[in-house]
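Below: a set of structures, written as structure tokens.
The two complexes that follow have chain A in common; it is paired with chain B in the first and with chain C in the second.
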Partner chain A sequence: MQDFASSLHSSFGMILSGDAQLWAIVLLSLRVSLTAVMIASVIGLPLGAFLAVSRFRGRQILVVMINALMGLPPVVVGLLVYLMLSNSGPLGVLQLLYTPTAMIIAQVVLITPIIAALSRQIIQVLDAEYDEQLRSIGLSRLGSIPVLLWDGRYNLLTAVLAGFGRAIAEVGAVIIVGGNINHVTRVMTTSIALETSKGNLELALALGVILLLLALIVNAAVSFIGQGARQTAYA
Partner chain B sequence: MLRRISFTVAIMVILSVGKGHADKPFIIVQSTTSTQNSGLLDAILPEFEEQSGIEVRVVAVGTGQAIRNATNGDGDVLLVHSKPSEESFVADGWGVQRFDVMYNDFVIVGPADDPAGIAGRSDVVAALSEMAKSQTVFVSRGDDSGTHKAEQRLWSETGIDVNAASGTWYRETGSGMGATLNTAIGMQAYVMTDRATWISFGNKDDYQIMVQGDPRLFNQYGAILVNPDKHPNVKADAGQAFIDWLTGADGQAAIAAYQIDGQQLFFPNAVQ
Partner chain C sequence: MLEQVNKAVWQTSPIMDPKAPTVLELCDIRLIRDEQHLVNIPNLTIRQGAPTLIMGPNGAGKSLLLRLMHGLISPTQGRVDFDTDVQQAMVFQRPVLLRRSVAGNIDFVLKAHRIPRAVRKDRVNALLRMADLIPKARQSARTLSGGEQQRLALVRALALKPKILFLDEPTASLDPSATHAIEALIRQANDAGTKIIMVTHDPGQASRLGGEIVFLHKGQVLEQTGVSDFLTEPKSTAAKHYLAGGLLF
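== the complex of A and B ==
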């Protein structure tokens, strides 16, 4: 138990000391995962809503597939993106391998199904509730997507946060496509993996505590914004 | 409203961080975990970067994976430690030429109570045979890395078929050196490691070096420029400049100067 206590202690020490390298890693983690979440939301939210309201043959199969893709193993995503971006791969000319962009791409692939599947569920419930009203004001099924997305925005935040949680915590994909290059593609999770492999377990755990704090801060900030906005909305 | 604006601003600041870097020339070096985990590259690269203005980006994986990545053209220079694989990499046309850079040696480490009674041995093949006979747990990298390949060569000299014992006393982690050391220590098992990783390893518990000094434990590192004829994107000039520096007087001196706890980790032996 001494390990935990001293790790906790040294993690606060690291935060307080304002270690420049640590901050660079923290900011890169945030930059990669927040960008991935934004892109995945732009794709996933409308996709989820579309699956919730549309009626077409094969829709159920698509829903099951997207639900299953929530369980995509990060290391498989990393491998697929690596094979695409490798100089021997179809997108090698873009020269994106071992850059933060490659890490963003991998995380987008990983979390878009999560955001799509969860928002499909949320919008479907809303749609069932407001179906008659939406039809009575003359909106078609697809036309009601923007209204439903706007109306469900606070619940949809949870879907987005689930995506963020997966992205920021994930190591298997980013270590393959990013290469864990110091000062270039080293993020919190790959640093933790590296320090563990160096046998610096205390430092690794301390970094883990900081990562957890980071996730906590982002979640708190989002729920704070959500609360504030909700109050103004109903005032 | 103010909240939302400040939130958006904060996000934009975070997203823009680090994007403003000037595009400094850089090369990608596919290397092994031992050169990175031991801290060697962190110690010597700044000197090269300052002299040449070329940034060196290191991807540290096992030798097997490093060679595969280089074969795909995902790197400019290969810095690894499995001479037979390196030579076939060059022979197959993927690399231009192989240069000796430095060496150290492998050691077998084990728990202080030494259940197989091999402490102090210098005949590594006899020590491995002893372990197999007493069925003491031995942890292997099992990941096609340079260390794994060296270990397999030693086992083949014992005439023991470790694959048949896989999962019993012979356990393959399929992981990097550090992860494998952590696993072995957790199981109180013997494990073969390169000396550099061992000296710099932070979670040694009561483990000690049991077997060392056998010439068969020699561990040679080599550098190869990935062939630009195969992969036109290879930065041949910058990559070769790095190899020239590594094998030249300055690089060799930097390698020799790197120490942990007063112990030298790598011994330069480039042909000059």
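== the complex of A and C ==
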């Protein structure tokens, strides 16, 4: 117990003193996950909206598949991306394995279905309200997608946040494709796993605290924005 | 604006001129769902001129008829003939306002039809003035009162200067003063040459707006006649019961 208390004490010391190694890991984590969230949003939001408004054969199957992909095991994603990017894989020529780009790719694969599935649900509810009005104005089903995405923006933020939460906290996929190389591909989650196994609890705990704080800040920000939007009836 | 409404003289419009140009014609329209004939209209001609008011008991198919005419739903059989170049618009019973400002709601419609920005600004202001909503232009449309929301929905529908305006019980949930404000706007649109086709349950409103009545019962048109004739001497038994407040089966 005393060990834990002193580790926690030192970990706060590391955070507050601006420990270079610690903050480099934090910044890399943010860079990887934020980039992945941006790319996944660009793909997932329109895809979700398309699935919400379109009517075609096989749509329901696609919806079920994307919902199922929300629960993709990260290690399986890691393995698949590894096979794609390894020297003998179809994208081996790009030499991306064990780089932050590989980690971004793995996280994009992991969270795009989450963002697409959640935004499909959000847009479907909004579409039920807007559909006749937008068609009356003369918009086609597909033409209504940008309107629905814009008007659903505050609720869609929750979908994006869910994606970010999954990306930043994920360890299985990035450790396989990133390799946990010091100063290159070592992010918060992989460092916590490594440092804990080495017995270096100070760094592991400091990273854990930052990870928790990040989750808290992002959630608070989204809830604050959402509340403001609801008060002014924009959500 | 409400003072103007109170001063307005609500004359009963003349019965439709049989020589007036046709704006819409329903030919052998049938809407069948689960083997039930929800709408069954061999022929219905709507002509230019005073408002056409669709009346009938709940479940008669009034809203379905309006949606069929506007093209929001397709009939199982038959066709609705109209000039495809003619701009149409619709106002729903519950106003569907976008999650934008009051002005933004009108601007959106104009933008969707690629109206240039300079023209848009003037048109938005003119419509806001018409709806008495200039002081609330910048606030969120969904914070408006029920009456204000419906006024906004109505002028938004008028933004593209439609030749036909469909209204589905636009005053169903409004108080008398808000109802009068909406009726004033409808009257204004009618005077400007927009053909009004509207569902209403209120005989008082029908006599205030004038024009003709299309009486619908179980998906069928039982009468198409002038408002005053319909209200004083309905021909069908169903219409007599309806106006007397009786239950129709």
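Keep this in mind: the second predicted complex is superposed on the first by the 200 of 235 C-alpha atoms of A that agree within 3 Å, B and C clash if a C-alpha of one lies under 4 Å from a C-alpha of the other, contacts with A are read in each partner's own complex, and residues count from 1 in each chain.
The working rule: a residue touches a chain if its C-beta (ideal position, glycine included) is under 8 Å from a C-beta of that chain, and two chains touch if they have at least 3 such contacts.
This is a predicted model, so every value here is computed, not measured.
J.: One more residue to check, A:I181. First (chain B), second (chain C), both or neither?
T.: So A:I181 only meets chain B here.
J.: Determine, under the contact definition given at the top, whether A:S86 touches first (chain B), second (chain C), both, or neither.
T.: A:S86 sits against chain B, while chain C stays out of touch.
J.: Have a look at where A:K198 lands relative to chain B and chain C in the superposition and call it first, second, both or neither.
T.: After superposing on A, A:K198 lies in contact with chain B but is clear of chain C.
J.: With both complexes superposed on chain A, which partner does A:Q95 reach: first (chain B), second (chain C), both or neither?
T.: In the superposed model, A:Q95 contacts chain B only, not chain C.
J.: Taking the superposition on A as described, I'd like to know which of chain B and chain C A:G138 touches: first, second, both or neither.
T.: Touch partner of A:G138: chain C, not chain B.
J.: After the superposition on A, what does A:E129 contact: first (chain B), second (chain C), both or neither?
T.: Only chain C; A:E129 stays clear of chain B.
J.: Is A:D151 touching the first partner chain B, the second partner chain C, both, or neither of them?
T.: second
J.: Which partner, chain B or chain C, touches the larger number of chain A residues?
T.: On the superposition, B touches more of the residues of chain A.
J.: Report, in rising order, the residues of chain A that make contact with chain B in one complex and with chain C in the other.
T.: After superposing on chain A, chain A residues 232 contact both chain B and chain C.
J.: Under the touch definition given earlier, write down the residues of chain C that touch chain A in their complex.
T.: It is residues 67, 70, 72, 88-90, 92, 96, 98-100, 108-109, 112-113, 139-143, 157 of chain C that touch chain A.
J.: How about chain B: which of its residues touch chain A in the complex?
T.: It comes out as residues 1, 3-4, 7, 11, 14-15, 17-18, 28, 33, 36-37, 42, 57-60, 69, 71-74, 176-179, 181-182, 200-204, 231, 233.
J.: Along chain A, where are the residues that touch chain B in the complex?
T.: 24, 27-28, 30-31, 34-35, 86-89, 92, 95, 97-98, 100, 179-182, 184, 194, 196-201, 203, 221, 224-225, 228-229, 232
J.: Using the touch rule from the top, collect the residues of chain A that touch chain C in their complex.
T.: Within the complex, chain A touches chain C at residues 129-130, 132-133, 135-139, 147, 151, 232-235.
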